[in-house]
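Just passing along the structure, written as structure tokens.
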Amino acid sequence: MSRLIKKISANAGMPPGSLIHIGDKRIEDTVITMMKYNLTEFEEKQIKDISGFPSVDDSSSIIWINIDGIDDIEFIEDVGRHFNLNHLLLESILNTEQRPRFEDYEDYIFVLLKMFYYDDKKRQIVSEHVGLVFGDNFLLSFQERNQDVFDTIRNRIRKDIGRIRKSRADYLTYTLIDAIVDNYFIVIEKIDDHLEGIEENLLSSPDTEVTQKIHNLKREMLFLRKSAWPLREVVGAFERSDSKLVHRTTGIYLRDLYDHVIQVIEYIEIFQDMLSGLLDLYLSSVSNRMNEVMKVLTVISTIFIPLTFIAGVYGMNFTYMPELQQKMGYPIVLTVMIIIAIGMLIHFKKKKWL
Amino acid sequence: MSRLIKKISANAGMPPGSLIHIGDKRIEDTVITMMKYNLTEFEEKQIKDISGFPSVDDSSSIIWINIDGIDDIEFIEDVGRHFNLNHLLLESILNTEQRPRFEDYEDYIFVLLKMFYYDDKKRQIVSEHVGLVFGDNFLLSFQERNQDVFDTIRNRIRKDIGRIRKSRADYLTYTLIDAIVDNYFIVIEKIDDHLEGIEENLLSSPDTEVTQKIHNLKREMLFLRKSAWPLREVVGAFERSDSKLVHRTTGIYLRDLYDHVIQVIEYIEIFQDMLSGLLDLYLSSVSNRMNEVMKVLTVISTIFIPLTFIAGVYGMNFTYMPELQQKMGYPIVLTVMIIIAIGMLIHFKKKKWL
Amino acid sequence: MSRLIKKISANAGMPPGSLIHIGDKRIEDTVITMMKYNLTEFEEKQIKDISGFPSVDDSSSIIWINIDGIDDIEFIEDVGRHFNLNHLLLESILNTEQRPRFEDYEDYIFVLLKMFYYDDKKRQIVSEHVGLVFGDNFLLSFQERNQDVFDTIRNRIRKDIGRIRKSRADYLTYTLIDAIVDNYFIVIEKIDDHLEGIEENLLSSPDTEVTQKIHNLKREMLFLRKSAWPLREVVGAFERSDSKLVHRTTGIYLRDLYDHVIQVIEYIEIFQDMLSGLLDLYLSSVSNRMNEVMKVLTVISTIFIPLTFIAGVYGMNFTYMPELQQKMGYPIVLTVMIIIAIGMLIHFKKKKWL
Amino acid sequence: MSRLIKKISANAGMPPGSLIHIGDKRIEDTVITMMKYNLTEFEEKQIKDISGFPSVDDSSSIIWINIDGIDDIEFIEDVGRHFNLNHLLLESILNTEQRPRFEDYEDYIFVLLKMFYYDDKKRQIVSEHVGLVFGDNFLLSFQERNQDVFDTIRNRIRKDIGRIRKSRADYLTYTLIDAIVDNYFIVIEKIDDHLEGIEENLLSSPDTEVTQKIHNLKREMLFLRKSAWPLREVVGAFERSDSKLVHRTTGIYLRDLYDHVIQVIEYIEIFQDMLSGLLDLYLSSVSNRMNEVMKVLTVISTIFIPLTFIAGVYGMNFTYMPELQQKMGYPIVLTVMIIIAIGMLIHFKKKKWL
Amino acid sequence: MSRLIKKISANAGMPPGSLIHIGDKRIEDTVITMMKYNLTEFEEKQIKDISGFPSVDDSSSIIWINIDGIDDIEFIEDVGRHFNLNHLLLESILNTEQRPRFEDYEDYIFVLLKMFYYDDKKRQIVSEHVGLVFGDNFLLSFQERNQDVFDTIRNRIRKDIGRIRKSRADYLTYTLIDAIVDNYFIVIEKIDDHLEGIEENLLSSPDTEVTQKIHNLKREMLFLRKSAWPLREVVGAFERSDSKLVHRTTGIYLRDLYDHVIQVIEYIEIFQDMLSGLLDLYLSSVSNRMNEVMKVLTVISTIFIPLTFIAGVYGMNFTYMPELQQKMGYPIVLTVMIIIAIGMLIHFKKKKWL
């Protein structure tokens, strides 16, 4: 079992804004890619270090810098210095245990959220920390490792599909969050499959592992919910924001996104209810089977224990037992035994125990 | 077991407003019917394709176009273009997993909701996706397949019953939603019947299937509730809307409709509580029966095991067992056995085990 | 078991305001009584049909018309026409499944609520639908059948007790609602008695029927709560109403009434918690008794099964069994058996199984 | 078991403001004490009847009249007339089932609440109804019987301790409520002791009475909570009141009092959670013990039933059973039996059943 | 078991603001340390008694006085007099059962909260009462005993790390609260470890102690939650405060702190859910094992009881039992027995009981 909570207390006692990476190291070297585009022009390149970062003061083009890998603290600090970012913001990006949030710093807006994957091999949900900082004409995106979730967006920029090349950085930020929330639905479908599997299992051959599986899924739901719930506030705050960085035309998309987030939360809650229902179903099926077992034991015992007693009586070695000498003794006793057994069987049939 | 969640992730990674049909194909060919009416005139016809669509700019008549079948994406796109509808709106109409919503686009208002049927054969609730778009003098209604729910409304228009011919498109929209919510009550009655059946079953002959039935109904309630809950917000937003498309006179009807929606939600919650109650009742009846079984086993065992032991003692083959030679040995032992048995029976009678 | 939900879907597909009676027919003929009073004058009479209805335009006297029986749709329609009432209002009066509501129609105010009785014979709660419509100087009250709940109020009017003759129709409406809510307390006391009975039963002689009783009471609480909960909003809306029909002096009485409604709801919730508690108590007492049964079985089996085995060994027919020929064999074996039995008993005593 | 709810329906059908005492008669004769004080003067005396009541119009001194006993309706009515109190207020004072409330009547303010004692003999919580009415310079306090809770406050007035002689009637009212809430903490400590006792009991020697005790405490918590919860609103309304009778300087004390009330509610909720926890603990310990019992039964049965069967086989009386004549037959069979028994024991040891 | 609630009723009946220490004595002598600093200067010293206290009127430097030990009432009273603090505030500092609060006294602000440690030896959470009073240029911190939680902050002041020397007393107060909340995370990690240990235990060797452990942890969560929940309001009130003592620049840090508090509460709630889940898992594993035990008993009994009966029949001593004389009698009976046994085994194999 992997640890649920990473060393969240690592920066206890540090001054606020101290940069400490909390989380697993997930990538060898930090990978930085830059896209620069406007309606007519488009440029894409790999950046090695902070010296290659462009200036974002010239506002004609949108600059999107994506940083995969957040464990190189010095580099993150350089980025912060280059874009003049608040230290608390950088601390949040480094701390993978930080909860999703939306923070307006006037010159730029900071969005922190969780991405989710379903690891098919380990059959468990993997969560990843994503930080987004956008101004009027730039977006910085921080990820724990190289993922292909944003590739479709890169394609849309390259091929000028949809409104993306016509819009400002707030719309680009929206598309990234939208892509992340779309990924939540994939995870939800996987869980739905998983749940269905458990239910079929439970009905065909209920075994002990089922409770363990239900328990594990329940726990994953708790952590999924913990990440999805605050996302509601994040997207809500984004939508209601009166910052000049968020344009009116993006509002309708954010409202749509908000609905998707609500939907994610609803599915999680339904899954939680279904898991409780499955546990109830399991427990009642266990009771039922116990009942079956008990009935068999009781029927067998109740029929044969009295008969064995009768046999025991005529197995006694008393010298004077008149029945033993009678010729019809044995068949009579056997008949009595059969009558008793049949009587019992009828009785149990009536009680519906058979 | 059918899949609960359709391929909701199908448009993950697509630009917002991408038109992808998420759901089952439920109709062969899209069927389009148009009604055009005002206080004095009335016209009704079948339309084949987008070329037959009327212009809605002339505001003297109300035009209601009903579209059965939402899987012909190109056609839906054409409709969107004809009425100048937002792409996110079209995406919502095509995605049957989208949650109910009310969206004001100034020139038109969009209402998305779920219709419910009770499939008597499969004994399960069927949900259907309905999208309504209305302006001042037109209403577009999108359904997954041809249903007869709106037939009574068509009759009212044809025969000029009630206020419908005297009102604008907002009132027509209200009547459609009202018809859908009325259908919810039919589903609720079916579930009520079903619940009653389960309860009687549980009391007369409690079997293992009952838990399965309770579990299934519980799950259906979860999904029913998921659709009914946001409908509250939808109708509430409709009622409170300050759009010029929603007339003051419709307000009182919407308030009435809101009350009906609340009632639907209340019934669903009561059903959920009753299902939990039934499960408790079932479990306690299982415990009780287990207790009965155990008592029978214990009574039989406790009476005969000691007697069998006594018989066993006098079945031992020791050469020197003085009792065996005594003439009264056998009757005395038999008497002792009977006394023990009667004593036990009295004891159990006192303990109320018999 | 009676049907919980009446044919609520009867008016599905009808235009809003369609008058259909949903509920049981509870009275043969509609009975109409009228009281007309002011500070100095007082008149009381039975009215046969709509032709006998007074005009309410002359505002010097208060006119209270009470209608017992709501299944004569034509008559209700006539009443509506006479007082110029909204059709949705009439629909609500006829539909006994409609939830409690408060609606301000400017010229008159409409209050819909539930009355409750405890049917001592059937040991169940009976609910009745009550509709009240009041203007400045008139009150219409609709009941399902003739009840004596309002008799004390009639007496107060006849004998000029309290503020009733000095006040307007809003105060009269308040007194009717107050009388209905007072009746709730009678029902609550009955349930309290019932609950106490169940609890004593459960402690003295817990039987299977108890769970059934708890279950039934639980279900009744669900329906009671369903009617009481919206009453809170109704009385709250009445109190906060800024209609000119609700006078400032009535406010303090409505606040008091509101408190009573809250109290009713609190009792219902406490009863629900107590019923859950009783079920827990029952289940744990069942477990306990099961435990007792198991202990008896185990003690008896554990003592006698080994002894029976020993007896069985010396009942074997081997030719060469040296113990059998020894003179002290039999008493020694008996002694061993007694020692084993006593040892077992001491062991069980220590384990507190005896 | 005492009745939980007193005859709350006694005034059903009465006009509002009808004075009827609902509750137990707890005192023989009504006792009235008066304190009159200002910064420099102080007077204390017993009053016999309404004729001895002072006028409260002279505003230089604070007059506190304490009335023990609320079942003398005529007297209460006289008091009401003397101070010109609203009839609904008097009805609330007489009705011990009335829920706590705060009501501003402009000239005076009315506070209704519950006092609690722990009856050490009966080991149960006793609740008492307290009504407080205060104007600018007077306070009327109504109690069900003579209690010593307010004695410390009387002492503070007598000896001029703290701010009490320097403040107006609102502060005096606050000190009375504070004394009552302080008493809640005594009750809470008693329950805490009780709970701890139950827990120790449950761990050392779990018996059937424990569930009964838990159940009783659960029920008492329900009623305690019912009284404490609205107190929150009462003190909150007192604090936020903009009446000229509540002075700004009292605000900070009321805020402190509010915090105490919240604390009381928190403790009650924690106790409720702990009681649920104890019930779970009890049930799981019952299951565990059941499991133990079953294991003993199974081990004994599983070892001896097969052995008894073997003994039974060689106890058969067939003429031709070659084993019986062999000299080593008996020891071989015994050895086989011992091997089987040991094998079983090892098996159970491995399964951790022993 | 230690008492959960200290003598909270000790000051029942005392005038408000009475100084009584409620809690355990945790330190021998009160230890007072003072730090005085501004951007350029820094001074640190131990203070013996109130005479050594500096005046805080000169506003150029920040003065932080830390007081370890709150049971010397006289001294606390002296401090209160020196800083002119409200008596209710001092009462709250002395009462370790007081719930967290934020109170603005205009000239100074009072924050009361709980610190938590995990006592590794006793494996339980220890809570400590902390009171903070700050004005523009001074901070008083009251702790129950000498702790090293604030040492890192002292170091930051000494070495001029971060913003602390550049900011006013509100920022210093923030850093103290931040250090305390950081400590919560350490406690949360310990509980997480503990929980994981319980889960592994439960899966490998489920024993009776597990429920006891779960129960204890559940109770600790209740108390942890009781302290953490109001902290949310405290930090929220601090952030939203419009006092001139709270500077705008501190707002962003307080928002960050607020997020941390929310995170603490979320973890506590997740732990509570997980503990419920573990209990469910435990109970279902107990049921499962019970089922296993029952199956073994039933299989053994069902196979051997009929066989023993057959053996018993041929052990009867009837003179005329033809089978006994037949040569093949014995082998035939043995064969029949073996067939029955094998038949039973196959039957149980099919039923998956083996």
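The chains carry the letters A, B, C, D and E, assigned in the order they are written, with residues numbered from 1 in each.
The working rule: a contact is a pair of C-beta atoms (placed from the backbone, for glycine too) under 8 Å apart; a residue touches a chain by one contact, two chains touch by 3 or more.
In this text the structure is predicted, and so the values were computed from the model without any measurement.
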Smallest number of contact steps required from chain A to reach chain D: 2
Third chains touching both chain C and chain A: B
Mean-CA-position distance for chain E and chain A (Å): 26
Centre-to-centre distance between chain D and chain B (centres being mean Cα positions), rounded to whole Å: 42
In chain A, residues with contacts to at least two other chains: 283, 287, 290, 294, 297, 301, 305, 308, 312, 315-317, 321
Chain A to chain B touching residues, read off their complex: 149, 151-153, 156, 161-164, 174-175, 178-179, 182-183, 185-186, 188-189, 192, 196, 199-200, 203, 252-253, 255-256, 259, 262-263, 266-267, 270, 273-274, 277-278, 280-281, 283-285, 287-288, 290-291, 294-295, 297-298, 301-302, 305-306, 308-309, 312-313, 315-321, 352-353
Of chain A, residues touching chain E in the complex: 1, 3-5, 7-9, 11-17, 86, 88, 92, 97-99, 101, 103, 205, 208, 211-212, 215, 218-219, 222-223, 226, 279, 282-283, 286-287, 289-290, 293-294, 296-297, 300-301, 304-305, 307-308, 311-312, 314-317, 321, 323-327, 329-330, 333-334, 337
